[in-house]
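Chains here go by letter, A, B and C, matching the order in which they are written, and residues are numbered from 1 within each.
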Amino acid sequence: MTLLDERKTAEEEAVSPKLERRARRRESWRGFFHAAPAYVYLTFFFVLPLLIIFVFSFASRSNTGKPLLENWNLDSWTRLVDPLVRTIAVRSLTMAIANTVLCLIIAYPFAYWIATRAKQRTRTLLLIAVLIPFWSNFLVRTYAWRMLLDSDGYITQFGELTGLWGRMLFTQPAVFIGLVYGYLPFMVLPLYAALERMDWGLVEAGRDLYASGSKAFRKITLPLSKPGIIAGSILVFIPSLGAYVTPDILGGAKTNLLGNLIVTQFQAARNWPFGSALSGAILIVMLVATMIYFRTGGRTI
Amino acid sequence: MKRIRLTREDRVKGETTMKRIFALLAVMALMVAACGTDATPETTEATGGTETTAATETTEAPAEGIQAAANACAEGATDGTLNLYNWTDYIPTGPLAEDFEVDDLLLKFEEEHGETVTLTFFNSNEDMLAQIDAGASYDVVVPSDYMVVTMIDADLLVELNRAAIPNLDANIAPLFSDPGYDPGNRFSAPYQWGTTGIGFSYEAIDDTEGVSWGVLFDPEMAAPNAGFISLLDDTRETLGSALKYLGYSLNTLNTDEVDEAADLIASTNEWIAAFNSSSYWTLLSSGEFNVSQGWNGDFLAEYDRISEYDDEGNLTYDAYEDFGYAIPIEGSAAWVDTMAIPTTAEHPCTAQTFINFMLEAENGATLTNFNYYASPNEAAEEFIYEDILEWEAVYPPPETMAILEFFLDLGDMNNYYADAFTRAKG
Amino acid sequence: MTTLHQGAATRPRLDRSLTIWGWLVFAFLYLPILIVVVFSFSGSESVGRWGGFSLRWYEQMFANEQLMNALENSIVVALISTAVATVLGTAAALSLDRYRRWIGRGAFDGLLYLPVIIPDVTMAVMLLLWFTSTDVVELGRGSITLAHIAFNISFVAIVVRARLAHMDPLMEDAAADLYANRWQAFRRVTLPLIMPGVLGGALLALTLSLDDVVITSFVQGPGSTTLPVYVFGLIRRTVTPVINAVSTLMIAVSMVLVLASLTFQNRTGRRTESKERNQ
């Protein structure tokens, strides 16, 4: 891109200032034009709905849950520091972090394998193979896991035979199995992309300089694959934070997570303003986190 | 070289811009087409016109408009397809009706009145309320008794036009013709009624006599079945059973009592496997649960389903030897589900005709023969299977009726209960 | 793009471990799928016990009108939302990558990320509130499609941008030098080069749309139930193997689609690859 910039500035210098200004304006207009449809669409179907949520978070609660657009207050927002909310938030956070770490540990060697050991042609096929399970239905997959993990399930039977584990359904491990299963591809793909793009010649150079295998990995490969690690972590962490269907089905709906809490506010708990405040708060936190990430020099995915 | 490039660009600029604009317009047209044609479900035939006009009407003066329309309906009149919002599998249709060998009621309605029925499911009153409150349009919904009160208060229901629903006065049993939750059945028509209790495997509990809520709430009584127990995932039901166990009314307005119940539920975390309102009966019959809080009809229908018959129709496996249902000695809830017309409805005439249809003796009986809940329809008793009528689990004897409580609306305490349940689970 | 060749040759143990790990992960990924596919052909009703080969679930599936309706809804919504989102997302990616200075660019950049970081539930709820407050469109297939487009634009844009970053912009310049106008340059040069990215984004969008449960269940309307939502309701009573038949069918169709797009890509890819190499 820098070469092009250089050429452009060279251009601009050679041409008269009026044409230069016109070119720049046209440039600017073209850029806007390309973005316009998406811009308009997202404004209508994202920004405005988001504003509604924010407005609702200051409204008061009616008997049916729907917000009364009067008596504006900060009740919903002050409720965010309730001990219950804090417990649930911490729980969700821990689960999301654990899930991300697990996915990373499982996905890294796997992505490494595909990027380095597989032949060029097979790589794409392998990646597609990773995605194929996702074209079935998310719920069917989750219920299939429920079946595998219940008292008669194959995994339970295997565990009982080898004496390693008993029925895992409706316990925390089952929830993690379901979550990792659901988000693994989001970690694999960015990791693969980063590893594949890497200049492996650098690793060879390191080996030439008598670095051991693990040292070369630690000092060269790992740091170079960092963008992939970070991208994958974001793609897994964020949805994990709001996940609640998998914990419900595989965990027995026994623990409330942020996702449950929000949905409940709009249904059983009949408290839309609070649900809106919760959603808004989570969004703000995520926004801030993402901005910090970008400010500290993170690259786009 | 650069100069030539600029002037060429100037000339073709207009052309390319036009091309691009057309491309974008094509895409947007595609989008609009998708929206337009798909707002009407394709099961409808010639109701396209009605749909679009109704849509614009409902934005103006919803309540008055729809109420006037409902009042103007004649008996048996229809004004478009019926959008039915019902509990999962609460009405026999499709393969389910075949399984249980009863009439497909939706098909029957279509044959008799010429309008198709689109069925959407919900799993809890609050889910349904949230959708209706948000403006989702359905013609008939099936709220439970206490929810009817909430919806009436929130002006979400249309008052029924008696002239269009003669069966409402003619067929309903006296017990249900002037209920506390909707005096005179002005806004709702009784659909089915049932009880909440404990379904269990005989391996876990010996007998249907003398069962206590303690098997769910008391650490000692629950211990033998720990990890195989389930509670309903329902604010009123779950809190209600805890309240009954503690000796309180399940309609109590006393915050201390509610808190106590919530704490009790929270303490069960050690031994319960799951909160489940939607598949507990299959999990019970498959052995994942041994003891479940649930509704009588769900259990009984499941036991019947897993019983096996040979080719001549003789019983080869009787599930009732392995499973049972009991109403705990501390008392429990009896509830009534009703049919009502929300103000977001677009086809009030069809809706009222449907309600009248469901209140016919034969159809009411089909419901009971299908879902094993008791019918509030007196005239239907003629067509209900003998063994169901005599079944204590479906039609409880007077001494059991005495310990059953119907849910009442809690007014301002509704939110308190809701929050308490969130605390209890969380 | 060099691959680790020399290094790999001298580390057989690492090779083996990696391969074993790879196969283990694939086993993990496919275990439930295998169950689903295998038992879709089982005659017995209880899943978990093989009941002889039988196609009865497939028969039941095609006979179940509600199910077929839901499947159709899913496919239609997925195809339309993917098509629109791909176009809008690609244009958005181009606008950010190719043009560095225009009004509102920074805000747009940020805006594109929001649908990715927002929790499912929040988006579901706010769209429900939006659709019912504004009567833009009735709750139904249209509202679901609009919702899916909303979150898919961002995903497509991200994927395409990643691909664009690799593309040498001098190619477009070269085309312009050869008297191609902007549209020609785009169609003949840029588009084929970013096609893997566009297809990748489209594939991602398709997957996300077909799989969506939460958002769809909130903004659906009567009769517009999509497959995931229908399955949610259906799968709760008996774990009926008909669902397995449906899933198997969906996987099979997706595989065919992907293989088709791959072969199509391979042909164009090979042509552009050789073009790149000859530069």
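The definition used in the following text is that a residue touches a chain if its C-beta (ideal position, glycine included) is under 8 Å from a C-beta of that chain, and two chains touch if they have at least 3 such contacts.
Treat the numbers as computed from the prediction; the structure is a model and nothing was measured.
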{"item": "Chain pair bearing the highest count of C-beta contacts", "value": "A-C"}
{"item": "Relative to subunit C, chain with the most remote C-alpha centre", "value": "B"}
{"item": "Whole-Å gap separating subunit B and subunit C, where each centre is the average of the chain's CA atoms", "value": "34"}
{"item": "Between subunit A and subunit C, centroid-to-centroid distance (C-alpha), Å", "value": "15"}
{"item": "Set of subunit B residues in contact with two or more other chains", "value": "20, 27, 134, 286"}
{"item": "Residues of subunit C touching at least two other chains", "value": "87-88, 129, 133, 146, 149, 235, 239"}
{"item": "Sequence positions of subunit A contacting 2 or more other chains", "value": "33, 37, 152, 266"}
{"item": "Interface residues, subunit C side, partner subunit A - complex", "value": "1-4, 6-8, 11, 14-15, 17-19, 21-22, 25-26, 28-33, 35-36, 47-48, 87-89, 91-92, 94-96, 98-105, 108, 111-122, 125-127, 129-130, 133, 146-147, 149-150, 153, 157-158, 161-162, 165, 169-170, 173, 203, 207, 210-211, 213-214, 227-228, 231-232, 235, 239, 243-244, 246-248, 250-251, 254-255, 258, 262"}
{"item": "In the complex, subunit B residues that touch subunit A", "value": "2-3, 6, 20, 24, 27-28, 124, 126-127, 129-130, 133-134, 150-151, 153-154, 156, 227, 230, 233-235, 269, 272-276, 286-288, 411-412, 414-415, 418-419, 421-423, 425-426"}
{"item": "Complex contacts: residues of subunit C adjacent to subunit B", "value": "46, 60, 63-66, 69, 76, 80, 83-84, 87-88, 128-129, 132-133, 135, 137-142, 145-146, 149, 176-177, 179, 181-183, 220-225, 233, 235-239"}
{"item": "Subunit A to subunit C touching residues, read off their complex", "value": "1, 3-4, 7, 24, 27-35, 37-39, 41-42, 45-50, 52-53, 56, 106-107, 109-110, 112-117, 120, 124, 128-141, 143-145, 147-148, 152-154, 181, 184, 193, 196-197, 199-201, 203-204, 207, 213, 238-239, 241-242, 244-245, 258-259, 262-263, 266, 275-276, 279-280, 282-283, 286-287, 290, 300-301"}
{"item": "Of subunit B, residues touching subunit C in the complex", "value": "1, 5, 8-9, 12, 15-16, 19-20, 27, 30-31, 34-36, 38-43, 55, 59, 83-85, 88-89, 94-95, 118-121, 123, 134-138, 278-279, 281-282, 286, 305"}
